[in-house]
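Before I ask anything, let me first share the structure, which is written out below as structure tokens.
Note that the chains take the letters A, B, C, D, E, F and G in the order they are written out, and that residue 1 is the start of every chain.
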Amino acid sequence: MATSLRTIKSLSPLLDRILVQRIRAETKTASGIFLPESSVEKLSEAKVLAVGPGGFDKDGKRLEVSVKPGDRVLIPQYGGSPVKVGEEEFTLFRDHELLAKINE
Amino acid sequence: MATSLRTIKSLSPLLDRILVQRIRAETKTASGIFLPESSVEKLSEAKVLAVGPGGFDKDGKRLEVSVKPGDRVLIPQYGGSPVKVGEEEFTLFRDHELLAKINE
Amino acid sequence: MATSLRTIKSLSPLLDRILVQRIRAETKTASGIFLPESSVEKLSEAKVLAVGPGGFDKDGKRLEVSVKPGDRVLIPQYGGSPVKVGEEEFTLFRDHELLAKINE
Amino acid sequence: MATSLRTIKSLSPLLDRILVQRIRAETKTASGIFLPESSVEKLSEAKVLAVGPGGFDKDGKRLEVSVKPGDRVLIPQYGGSPVKVGEEEFTLFRDHELLAKINE
Amino acid sequence: MATSLRTIKSLSPLLDRILVQRIRAETKTASGIFLPESSVEKLSEAKVLAVGPGGFDKDGKRLEVSVKPGDRVLIPQYGGSPVKVGEEEFTLFRDHELLAKINE
Amino acid sequence: MATSLRTIKSLSPLLDRILVQRIRAETKTASGIFLPESSVEKLSEAKVLAVGPGGFDKDGKRLEVSVKPGDRVLIPQYGGSPVKVGEEEFTLFRDHELLAKINE
Amino acid sequence: MATSLRTIKSLSPLLDRILVQRIRAETKTASGIFLPESSVEKLSEAKVLAVGPGGFDKDGKRLEVSVKPGDRVLIPQYGGSPVKVGEEEFTLFRDHELLAKINE
């Protein structure tokens, strides 16, 4: 999904949506040798950049989302809506699609 | 979906529907050269033109929609109902289908 | 759906159903030339002829429908139940299937 | 669905079910000529013979059905459960499947 | 579904399930001639043998079932769980699948 | 589903799950002759070995399950999660999947 | 799902998710002979490593999960989200997908 955005910071997710950026695998081995990017497995980790105000429960009250900007999270293998700003790629998930927080 | 409307301003979306118009990609490079439209990627950005009064929660109370006319929004790649007024194309989404607000 | 009705006015939609008649495209150009009907695109506009009393929310209370007889509405491309009275065709939609009101 | 019923009057629909009998198209033209039945289109009209006590809302309270015995109704093209008593055919619909009342 | 039951009377349906036995069509004509069973249409009628205590509404309260042992009912053409006791066949339906009571 | 369990008694079903063991058909005729197991139909009967504490209704309150350890039940033809302990096979059903109690 | 995690202990499951590690079958017979791993059936048992804070009921209140870290559980044959930390594999399930607790 191409956009004309100057910066991803301009995006405010709606409802229970969470904007994340996938973390890239190191392309350098522990001993300092660089690997071609294609030989490195894609990681299921992402950094939360922005969160929506939350969806509604059946009585019309907001349900707070589970993560906050800066959190590192485990994301599912499939799903999410891709967003492209310049050459960078981001993804929007619904809050309940995120699997776990990463505390490292 | 063809219409005989004179202007898109005549449309008042019902319930939680949001009327938007997709933003066109620049067909001019930064240095001022014009590109053929077919070589320009379609953007996932749209401008909100009108919003419905909101759908109902399980108790029959209105749930306010998340955006307002004038907002710029990120729209999903698929879905929405197309509307044509003259040669111009518009789309109606349900409020929860919109992905994010754009503050730029 | 054939009927033996003398007039469409005899129909009272049930629950949240809305009886509409599609608006025909002009088969005459602005300069007065008549076009064969087959060359004219079908319009997604309809006039509301009658509305049901509304469906029920989860507590068994009626939810008022969003339109009233005389309203012009934007209808979806697919769906609805066709009704034929003599040679004329009409359609029944559920209230939430209608996309927008037309104020023109 | 064959039955051994002596009369359709023995059937009391359960919950929100509505027992109807389809109205047959006239097989005689306005000028009195009889048409073979196969050349006559099937009508989407039916007479209500009996109605159930209504289904339950989420709190276990009965939701009254929308029609009563003697009403004429517009029925959907598909669906319903057929019942045969002798050579006559009847149909059971759920209340919300009926499209409109006919006041003629 | 084979069972080792000595008698169908040992079965107590759970929740909203209804145990019925299909009524067999007469294999004797009005004038007393016996017909081979294969030439007789299967009936959509059944006798209620036992009923469950009812399912639960959203608040965890029991919803009484619509029929009682001894009732004759109209059953749907498809669905239900077959049970075999010796050579006899029975069927378990959910209460809302039964179409009508037969008062004859 | 293989397990390393020493005994099935170590399993405590979660939520509304019910652990059962299918009852084997007699492989001996009434007159005492033994039949090869493959010629004997599989029975739809099972003995309840353990029950979960119950699932939750929409308000987060526990819904008691319908059976208790020791009950004999009629089980559906399909569904359930198989569990293997040594050479013995067991099945876990959700409470609402069980069809009837057997009082014999 | 590859990750760059140093340890699985860094994962905090979100909502009603449960992080487990499958228990490996013994590759040594009772008499002490080692078996090739490929000849050993995969077990449906897992150890709970971490649990989420619970999902929400319809009123927005947390529903406690059914298990706690250290519990041994019976897991379903299919489903769950795989996570890889180094060479080790883990799985995330939703609480209601777990079948039973193992008390051994």
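Just so we're on the same page, a residue touches a chain if its C-beta (ideal position, glycine included) is under 8 Å from a C-beta of that chain, and two chains touch if they have at least 3 such contacts.
Going by UniProt, the chains are A, B, C, D, E, F, G = 10 kDa heat shock protein.
Predicted model, so just to flag it, every value in this text is computed and none were measured.
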Hopping only between chains that touch, the fewest steps from subunit B to subunit G number 2
Would you mind pulling out the distance in Å between where the CA atoms of subunit C average out and where those of subunit D do?
24
Just the number, please: Cα centre separation of subunit B and subunit F in whole Å.
54
Residues of subunit E engaged with two or more neighbouring chains
58-59
Does the chain-touch network form a line, ring, star, complete graph or other?
ring
Ring order from subunit A through subunit G is A, G, F, E, D, C, B
Counting only contacts in the complex, subunit G reaches subunit A at residues 1-7, 10-15, 17, 19, 52, 55-56, 58-60, 81, 83, 92
Using the touch definition from the top, list the residues of subunit C that touch subunit B in their complex.
23, 25-26, 41-45, 57-59, 61, 63, 66-67, 73-74, 76-77, 96, 98-104
